[in-house]
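Right, I'll just put the structure down here and ask away after.
To keep things simple, chains are lettered A, B, C and D as they appear, and every chain counts its residues starting from 1.
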Amino acid sequence: MNRVSTLKPVSPVGELAKRYSTIRNTTTELVAPLAPEDTVVQSMPDVSPSKWHLAHVTWFFEHFVLAHFDPGYRRYDERYDFLFNSYYYSVGDMHARPERGLLTRPTLSEVLDYRATVDDAVLEFLETRADEPEVAERIVLGLHHEQQHQELLLTDIKHVLSRNPLKPAYDPKLPQPPALQARELEFLEGKNGVHRVGCDIEAETFCFDNETPRHDALLHPHRLANRLVTNGEYREFVRDGGYRDARLWLSDGWATLMRDGWSRPLYWSEDLEQEFALGGERDLDLAAPVCHVSYYEADAYARWAGARLPTEFEWEAAAEGLPVDGNLFDSAYLHPVAGQSAQYFGDVWEWTASSYLPYPGFQPLDGSLGEYNGKFMCSQMTVRGGSAVTSRSHVRASYRSFFYPEQRWQMLGLRLAKDSQP
Amino acid sequence: MNRVSTLKPVSPVGELAKRYSTIRNTTTELVAPLAPEDTVVQSMPDVSPSKWHLAHVTWFFEHFVLAHFDPGYRRYDERYDFLFNSYYYSVGDMHARPERGLLTRPTLSEVLDYRATVDDAVLEFLETRADEPEVAERIVLGLHHEQQHQELLLTDIKHVLSRNPLKPAYDPKLPQPPALQARELEFLEGKNGVHRVGCDIEAETFCFDNETPRHDALLHPHRLANRLVTNGEYREFVRDGGYRDARLWLSDGWATLMRDGWSRPLYWSEDLEQEFALGGERDLDLAAPVCHVSYYEADAYARWAGARLPTEFEWEAAAEGLPVDGNLFDSAYLHPVAGQSAQYFGDVWEWTASSYLPYPGFQPLDGSLGEYNGKFMCSQMTVRGGSAVTSRSHVRASYRSFFYPEQRWQMLGLRLAKDSQP
Amino acid sequence: MNRVSTLKPVSPVGELAKRYSTIRNTTTELVAPLAPEDTVVQSMPDVSPSKWHLAHVTWFFEHFVLAHFDPGYRRYDERYDFLFNSYYYSVGDMHARPERGLLTRPTLSEVLDYRATVDDAVLEFLETRADEPEVAERIVLGLHHEQQHQELLLTDIKHVLSRNPLKPAYDPKLPQPPALQARELEFLEGKNGVHRVGCDIEAETFCFDNETPRHDALLHPHRLANRLVTNGEYREFVRDGGYRDARLWLSDGWATLMRDGWSRPLYWSEDLEQEFALGGERDLDLAAPVCHVSYYEADAYARWAGARLPTEFEWEAAAEGLPVDGNLFDSAYLHPVAGQSAQYFGDVWEWTASSYLPYPGFQPLDGSLGEYNGKFMCSQMTVRGGSAVTSRSHVRASYRSFFYPEQRWQMLGLRLAKDSQP
Amino acid sequence: MNRVSTLKPVSPVGELAKRYSTIRNTTTELVAPLAPEDTVVQSMPDVSPSKWHLAHVTWFFEHFVLAHFDPGYRRYDERYDFLFNSYYYSVGDMHARPERGLLTRPTLSEVLDYRATVDDAVLEFLETRADEPEVAERIVLGLHHEQQHQELLLTDIKHVLSRNPLKPAYDPKLPQPPALQARELEFLEGKNGVHRVGCDIEAETFCFDNETPRHDALLHPHRLANRLVTNGEYREFVRDGGYRDARLWLSDGWATLMRDGWSRPLYWSEDLEQEFALGGERDLDLAAPVCHVSYYEADAYARWAGARLPTEFEWEAAAEGLPVDGNLFDSAYLHPVAGQSAQYFGDVWEWTASSYLPYPGFQPLDGSLGEYNGKFMCSQMTVRGGSAVTSRSHVRASYRSFFYPEQRWQMLGLRLAKDSQP
């Protein structure tokens, strides 16, 4: 059997329970600023209601831990298997994704009760079983899964609120970042030749199956920008007619732009002066990294700038060994900020020029748990580095996330690269 | 100038305020069984969220009464003009109907506060102005408008809840109707020759513009069934292959059936034994009138039964002069029940064979208030008589409501008619 | 059994064969100006390819005459039952209407061969059987059906050619009409009270089932315009902002206008100076009747003009007894022309304010032949009088055609009416 | 400046004209079996009408050769720039791709006249200018472009004819292949380590920009099947429930299967016994390579078979140096045949596990001519090796074609691969 991704026992047994509580509570805290009404709506098929996120991650622990290890476990509600399964076909039928916004029940308070009940059961279960490797593996996997949904919960509610003409803030009390300048743009020589990529399971405590196996990749001579592209730079592209010049765009990108009437990043105001953030409508910080651009837009910008996007291995080779530091979820801005973008981590996920494909020798996890990362290895592009809503403890240099090239509701931005002479 | 529909001063001044309070409070009570989450969702474009109904009818009084009579009136929130205007183009731009389900704010409690504030202002206003005819006219019009939305609120929330696999009841404590038999089906000779139809403004205290002017209609010899078609009769049609025989259906009806996969009335279970009601899933009462059928289904059933639907004037001639009695909103079943269907009022709106068109000499109300009934005089069929969710004080023999032939989320049923020899 | 619409033996037996040949040859001549390529394309679901029209009307005679009367008749090609049946579900399955444009075979020349073979068989059959009433009835019905498709063939090919940026003419050699003025607009008092409408089967030699039975209708006092609305008048409406003022439009009409970006009649150039006709692009004749407007446009124009559309019985009462004269197919312009519009027949079908519904006591034809007019009695509006592509021998005062309110690819125009004081 | 792809002067000057004539005439011969009606239809957006192909490739020579080199050149028809430009935005606006099937004019015979006129002009031009490198480059590029469209013309007309219930053959006289067995399936060790890939411009006379620059790729240990997957093998997968087991499919693939109701390869009969070919409906040859499967199907089959698809470089390393031999267009079967599939060329394009992305250092051609291969480098998968409708002189080991993972109207099949132990 394949291992369940956890590579090493995390820590002493009590630590696991503590980590469980911390991460689970964080999720619950994320909905504290919301009204029950906010937690129901699905503003587009990509978005899930906050309430659904809260329940789905709970179902994950109930199904893959409690019910898995204890055949006598009695479900909180049998019907939740249908409602809160997301994509695990081998588990059974599921509620159609685009209909998640139809579910007014269970209510938010019922979902919170469901969470509390499952949390009690998990913590009780951990008291006696936390030292079994498969238990720890599944708990840790579930917690990383939970952290993924924390990020989605924030980007999804941002989309929901943005569709309201009243433009309500998710949390008007979010901290304001300090006003800083962007550093001068430079292109730095990247690593070259055969290079080892993918998760080093000796060095990391956890990774997803899609980061494995570690293997050799061949890097061609290239240079990488020393920071992310900023709002100010991107606005120059817009003002220069970037959205009206078909030659700058991939064919599919131009078709999307025409169909959806794109003329600027998602959440920018028409006058290019403001943007909608989780803290509400605010002035565009020209020194902050541009955010909420699709792959098509990132690619078109790079072409306009006489550059290209880095490949995922160029990025990984540069990021490897650096501390996971920067404007992440832990900084509490929940928005890209100026002055930090020298980092390879945080602010925005960086679009790469690499399709999201399996690594040589890739094997998905066994059973239902493997019905995830591998199922999406087609038509999506890899993004790297995490964003302002990604937890520090969740991301690493080998971490691969992935989106369709037209998606832009996540915190997505870009760094430029250029070919070098060999 | 056209009058604003109220035909006579309703009653002493204090009565108007009392009636205002009663009807407005009824609306608020309708959402009492709901969780805030229930009030947000728009399960299809025809449906509006409960929260939207609550706010829209309030906006009606704010805009067409408070702001109309007092130029200095200060709006509760200027932006509500955009959010809660429904179709009055002359008032200004409005939020797109299919996007009403995106609005999580204002929350239910904020909307209830909006209601209370406007109610206070209206009642205060009425203390000094209730004796002005135009004031009374607009208040009464607003109250009838409110009653229309009470009905929609119930049918809309029923649809929302029906889309949830958990099948939650709107109110599990609704009364159970007594078990009764349907009376024997008979066809009774209808009125014949030139007959006066439309609202008799001397006899009625209120009507909508679409019921006027009163005029002569020519009735051809016909007979009318003495009661509505029942669930049991309709189930025979289903079991006889009615939904598989194209010859029974209008061309558009068959196309709709094929496209949407219709095989039975909305809310019936696949085994034809149960139906979803506001009180929850329950056994189909075979003696109760069939409900939630489209015009296409009503028409196909009638053809199968060797009959036809009555015209709206055949219906009106039969109903005129009868007391407005039957299973209406006031009965509190909120569902068609057996044994009452001899009535011409209540249980279900009756599909007629008449298109919803203007009467000879029809004039819509002046100004924005006229932007309603007349705008829809195309492609819809007239229905008559009110349903189990229509208020007794709201309906009358001349009352015309109207739906597209494919719609069936309202409480819609049918009575048969036949041609007679002249 | 119901009769097959023919009301009287047309004429001596040889006359029937002669009439058959004449009308059938006319159809074939209609495709003479076309290239084979022109006859394949279906430019929208409402349109059928010319080749399909040629084959379908032939199949009608093969199926409803040859195969009906001679059980031993051997089909030209068994598969044509599937391909060229249009809507007779009781005959069997049929090719989906929106896929008619996928059929490159049989080719035009094969279809013409099919026509010739069936024509030979019908004429041979008529030599011995033309004196049987049911034979004559079915032949005459088939010939009227053929004339309907002649009209459709022309309006359909017009639409096909209009979608080509090269704007090819159907026939560049069509005659130019003389330059004439429109007569002064007057409103003439119409008939009043109970009036007999529907086909008088004693006086007419043929009618469709939807014109029967003849019955009494009650006409309310009204006046009718003495001519059709002209291009010049309609252009004033356009220039006056008619397409930008929601208050003038039915709700569904405004939604259609917004969705499809309507700003003028179909086939008018953007500068409102030219129109596309079967003879090619040409200057708009301001004195000619406006054409290719939907019901929504006709209704909005009438509202703008302070008038309304006539009901179908107001129209019929005025037209009854007049000679069927005017700019019809027989005039060979194939386009509305100035100066003739005093007529009630020809130029353009006139939208009425009446929904297309069954007459009191209506019975469709028995069997498959009845699967037509009655199937469409919902959601369409009645039009009257025929157009510049309707044959004189095909139309009469009681003739009802019908279209959906958004359709405008037929030659559709309007005459104004007004209510009178009683 | 970038060169226009031709890497070496092809041959003596007269040879270029001769090659031009040969390839151009081949295209014209391809439409000889077709009726004019066949050449108009666009059966889905991916398909272009035969007539459009004939005109578009001609426009290519007119625009990029005649008009490019001779500023005084007078266009055959100015409007063809709009009609027959495909995707060169820098050339100007163009007719919308999904509307190509609306163009009945120019007719086939007019298009053939256009071809003849341009051919005369090109041949006359070549008499004096064929020795200029850029002329030869553009002519050769145009001829390869023409060969691409020859292939598309055949696969497109196959799709058009397949949508006709009469199932007409493109050419009923195509040769029948000999009945042969498939060879035993074996997995052969592939090349390993750093390997040179991409077009070797010293060795080849022509390549497209997307095959350049030649560069190092790192191959991981793997084995490749010695032949293509056969119809018989694929049918086992179907019968084993392959199309009903979500676990075998990529998430997008399963969604496509559900949406479009896939249950077998395109063109297979429901009983899995027959397939539609350019020669007409015929028995499925179980020993022949499976054809008309999407990437999703190829990927699911490989998973079911315990294998995977090869990467494009694994494929290229294996094919490099082999003679371009096999069942190609030149064999005249126009369909995959048994017994040849040991070849790396012909029969079917082989889906690879590689996304279609730019090579390191890739530069598109300058100007409008570069608006092609590079515009599509997103969301498509690379296919290799050519098919039974690809010309031998057009394909090579480094040749990359590309399709979206759901497309299957091209002749697309697969070869299996497996990971090896390092």
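Things worth noting here:
Rule of thumb we're sticking to: contacts are C-beta pairs under 8 Å (C-beta built on N, C-alpha and C of every residue); 3 or more make two chains touch, one makes a residue touch a chain.
Just so it is clear, the model here is predicted, and its values are computed rather than measured.
Shared contact partners of subunit A and subunit D are absent; no chain touches both. For this pair, subunit B with subunit D, the centres built from the Cα atoms lie 60 Å apart.
Between the Cα centres of subunit C and subunit D there is a gap of 47 Å.
In this assembly, the C-alpha centroid of subunit B lies 37 Å from the C-alpha centroid of subunit C. All chain pairs that count as touching, in label order, are A-B, A-D, B-C, C-D. Residues 87, 89-90, 194, 215-218, 220, 222, 246-247, 249-254, 295-296, 299, 353-355, 357-358, 360-361, 371, 375-379, 381, 405, 419 of subunit D are the ones that touch subunit A when the two sit in their complex. Residues 35-41, 43, 51, 79, 82-83, 95, 99, 101-108, 160-161, 163-166, 168 of subunit C are the ones that touch subunit D when the two sit in their complex.
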